[in-house]
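First chain A sits with chain B, and in the next complex the same chain sits with chain C.
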Partner chain A sequence: MPDLSERLASCFAAVFPDLAAEDIATASVESVDGWDSLAAVTLLALVEEEFDTEFPLNVVADLSSFDHFRTLLQGTREFVGGPP
Partner chain B sequence: MSRVEIRVAHAGDRPAIARFNERLHAGGQDERLPLDGQVEGEGYRTPDGTGQYRRLIVAHDGAEVRAGMVLFDTRAVVAGDVRNFAWVYNPVSEGLIDRTWTLAIVHLVKWAQGNRPFLMCLGVGSMDEKWAQFMVKMNWRHAPVPFLFLPLRPKRVLRDLPALRSRPAVSRSASLAAAVGGGAVLAGILRTQRVWATRRAEVDVTQEEMFGPWADVLYDAARADYGAAVVRDQRYLEQLYQQGDDRYRILRVRDRSGAEAGWTVVTSRRMQENRYFGNLHVGTLVDGFGTLGSLPAVLGAAVQRLADEGVDLVIANLSHDSWVKAARRLGFLPGPTNFYFFVSPGGAPLLEPTLPVGEIHLARGDCEGPLTLAPPTPLPTGGIRLS
Partner chain C sequence: MVLRSARQGTVAPALDDAVSGSSSVVSPQHPGTSAPMKLAEAMRLARMPFPDGAAVTRTFLACGFTPLHLQTFLLAHLRLVAPETNVTVDSGLYGDVVGNVDAAAGGGYEAVAVVVEWADLDPRLGLRAVGGWRIADVADALESARLRGADLVAAVRRMAPGRSVAVCLPTLPLAPVSHSPGWQGGDVELRLRTLVSDLAVLLADDVGVRVVSPSRLDAASPPGDRLDVRGEVHAGFPYRLPHAAVLADLLARLLASPTPKKGLITDLDDTLWRGLVGEVGPAGLSWDLDHGTHVHALYQQMLAALADTGVLLAVATRNDPMMVEPALKCADLLVPPDVFFPIEVHWGAKSDSVRRILQTWNVAADSVVFVDDSPMDVAEVAAAHPGIDGVVFPTNDEDAAFALLSWLRDQFGKDRVSVTDGLRLESLRQSVSLGRDAAASGGTTDEFLARLGAELVVARVRDTADTRPYDLVNKTNQFNLNGRRWSEAAWHGYVDTPNSIVLVAEYRDRYGPLGKIGVLGGRRDGRTFRLHTWVMSCRAFSRRIEHGCLAALFIDLRCDEVVFDYAATARNGPFRDFMTSLLGTEPFPGCRLTRGRFDEICPPLFHVRKDVADA
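Let's look at the complex of A and B:
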């Protein structure tokens, strides 16, 4: 079972295919050219599907980097070891 | 991104909205949020207690507005049930010019969807538009709304329509067609005259100053004919098409027994270097309602009125199969549509297999209204409730 970061990275790679694998961990709205509103909503939907969750409204505006996604997902206990 | 709050705009936000618009303009974007409480091109007021109003929703970071859009709360009858919903339009985000605010529009739409699960949007312009793709990504269902047109002065239309003029090969064909009268187009006009001639004898058409209780009588009689439609009762209509707003002509159609058969709202505008219509005088079927059997007469009345005004071309966007069929019977021709209908997941069963677009009644008067197809509004400010 891939860990959280790997699963999250695969979501980023799907939405930003031009993003080099080594740049994914530091990816952010500011650093990725194609990260517009459409990419943002695509990424959000993909991550929610991958982790079978729905981000609460009050954190949506914070989901502006790989690190933010990872931090939020880590805060949800069931994601730590993946689904049962 | 700084924390943003999503809320209804209030009068105190106007300076921030003005600054927002200025930043977008400086960044080379034409989009803007409404500033003066008026929805441009519409004379809409929001009397208290109607449960029907437009509101500007903004994403505000404490100092500045970073995104906004309009929600128009009203009601629709869907498969026999009256349901509250909101039209969504005019979404604008500072993310267009500054990626810091890319997520503001996502936040805004998710907020709207969380507060009003049943949202709809009409128009959009193209499925290539980012807003259209955005709604698709949000799992909104969508369908194109047919575009129909009837050239009443075919030579002029074929000669002057920018879409024809801009393509040399097509332009030559159009010139040739114009010279000979434009076969199919001419046949369409003759069909209109023939169908309308037979129907005209069966109905009385009157132009009304405003909608009255008769609109409710018709609405109650005809609503079951439609799988879904915005509640077009007197209260709704008299807010949308106000007395004294001479951009619109309200035509009431009754059969010979005096029973309400339908109504239609039309407008016309002499275009000037318009992107789609050049300098043509364009008549638009803005809105309408009627028992399905009376639609040829209702549409015929609309065409006759616009012909009397001297328009070159009549256009309509109509979704319901019976309206499309009636228009085609009258000689309207189908054209490529850039008019799309979207509905949020909370709007089920709209656009699900049990309730396709052909059973839903939509017209240009829905959502944002006819916009630039109507002359500029002569009315004082009203519109969006900034509270």
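Let's look at the complex of A and C:
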């Protein structure tokens, strides 16, 4: 099974199909042209679906980079005792 | 052979599977037992390249909320149900579903999905407005909803003509606007539900659009799991993803209106009835509550209902003919025995029976369902007839039998039943009688046809309210000029274009009427007629009706030449053979037939042609 970063990267690739694979790990609101509010909502829905989770409202606004998503997901996994 | 589940409810097969048409043993499931499409899968499908040269179908999603993922799911499901089409889905402005319906009317869209939620009837019934839930506010909201509903019906009525339209009325739980506790059906909720039911009836019966089935939606998307409060409040999108996926699935099916199956072949013992007639005799068979065999009565009832809508029914059983005949004549059988044609009773392979039945019907295997209690027989038939859907009758499982009945309704369901549907079985019997009489007459084919007293009416189509020509061009495969399928909007536009000439052929002879069995569409340029579409029902073969149609163009319309927009398809071999007989060579795109060649090659025609002059 792909690890967390790979699964997260597939979500980013689905929302930003023009983003080069090597740029996904450093993707952020600032670096990705198409990261507008619509893309943000779609990305959030896609990541929640992929990881079968729902992010708390107070952290959603901070999800502005690949790294933020990964950090939050790692925390969630650790909290519920799942694999990283 | 592929084992797959029935395409029903939320089942969403991969695109490759949807277009493969492979033979299958089907396991009908209760609606809603399959997982809804995932957003990631929808995005993948939505981005898949379209086939080269695919016809474009412009679809509009009219809703009052932010369309977001519903738009993505709708596009994905439309790709599944119409894989050969280049589909686009546009959407309108937030908060104005009626205005969006009007926008769709002016935008040249061929298909429109209208999705209404409570907030569209009055914002106070939703979560994003705070206009008040006090008793007086709610009473006012009820009246406002009634007026808004009337506006919506009027807008859909203006927009619907010439388009494929699907409407879904509120699916979400009501906000707690009523003064009564949530477990009580209070005045507000009951009145709103009555209002919505009345709107649905108006839209379906009076306006004539297709309405999403609330019961199918309930089965596939549990009502308590639909509302996403966070999404509604922060993004204006009120649906959880699974609900959006299910709703899009149903809307896509309504908009694309997949072609129903044409025929059902059934086994008898432990399928149409309980018991082996050869063992227990007709008197020992049962299909009732007392014997615990009621599922067979329900199955019989379903077959009778399908026959009423023009579905062809046949029997394939390994049995003694002497035993079967009296059993089929049992007075309390719920399906009249004369709806079965042909009836194949012998001890040979079921696949041989199915082959003969398909030949008699002149129907392809992929338009047919085979039902038998024996898994081995179902597998044997499915293997021998690629494309057929074989189903094992669940003799001892009432729940599975109910799922089968629902699945059958889905496979054969149509949103309207035409006069011609009622003629189908009788005209099939006539075709067989005609062939038998021709063989028995001992004379030439010409002599036989001359005695038929045939009357061929080739009339211009002027009224798009008659749906039969549209149905014919979209359902006929074998005698088909090029396999082109039309959207409702494209067809209506074509018929209404001043220089288009669309003709419908209707036939009867001494064996009875065949009804409207052929459609020709084209344009005249001087004395040349360019034929864009030409289809004829396979029930009309062997009567030289196809020659009669060409005679209508050459003689009655006084054309000197017909140009054919021919294209070979996987299934239009009979048309190709006919053209080859005329041209002396295989047809090709743009091939031409002159009046001189037609006169030279056309066999004697014995039809009395009528009604062509006004074209």
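Methods note: the second predicted complex is superposed on the first by the 77 of 84 C-alpha atoms of A that agree within 3 Å, B and C clash if a C-alpha of one lies under 4 Å from a C-alpha of the other, contacts with A are read in each partner's own complex, and residues count from 1 in each chain.
Operating definition for what follows: a contact is a pair of C-beta atoms (placed from the backbone, for glycine too) under 8 Å apart; a residue touches a chain by one contact, two chains touch by 3 or more.
Since the structure is predicted, the reported quantities are computational estimates derived from the model, not experimental observations.
K.L.:
Which partner does A:A45 contact after superposing on A: first (chain B), second (chain C), both, neither?
P.N.:
Touch status of A:A45: both partners.
K.L.:
Name the contact category of A:A21: first (chain B only), second (chain C only), both, or neither.
P.N.:
neither
K.L.:
According to the stated criteria, A:D62 is in contact with first (chain B), second (chain C), both, or neither; which is it?
P.N.:
After superposing on A, A:D62 lies in contact with chain B but is clear of chain C.
K.L.:
Check the residue A:W35 against both partner chains and state whether it touches chain B (first), chain C (second), both, or neither.
P.N.:
first
K.L.:
Looking at the overlay, does A:S10 come into contact with chain B only (first), chain C only (second), both, or neither?
P.N.:
second
K.L.:
Output the chain A positions appearing in both contact lists, the one against chain B and the one against chain C.
P.N.:
38, 41-42, 45, 57, 60.
K.L.:
If we count contacts the way the header does, which residues on chain B are in touch with chain A in the complex?
P.N.:
Residue positions touching the partner: 1, 3-4, 6, 59, 93, 95, 99-100, 102-107, 109-111, 114, 130, 133-134, 137-139.
K.L.:
Would you tell me which residues of chain C are touching chain A in their complex?
P.N.:
Answer in residue numbers: 38-40, 43-44, 47, 68-69, 72, 230, 234-235, 237, 241.
K.L.:
Which residues of chain A touch chain B in their complex?
P.N.:
That would be residues 29-30, 35-38, 40-42, 44-45, 57, 60-64 of chain A.
K.L.:
Which part of chain A faces chain C closely enough to touch in the complex?
P.N.:
Listed in rising order, the residues of chain A that touch chain C are 10-11, 14-15, 17, 38, 41-42, 45-46, 49-50, 54, 57, 60.
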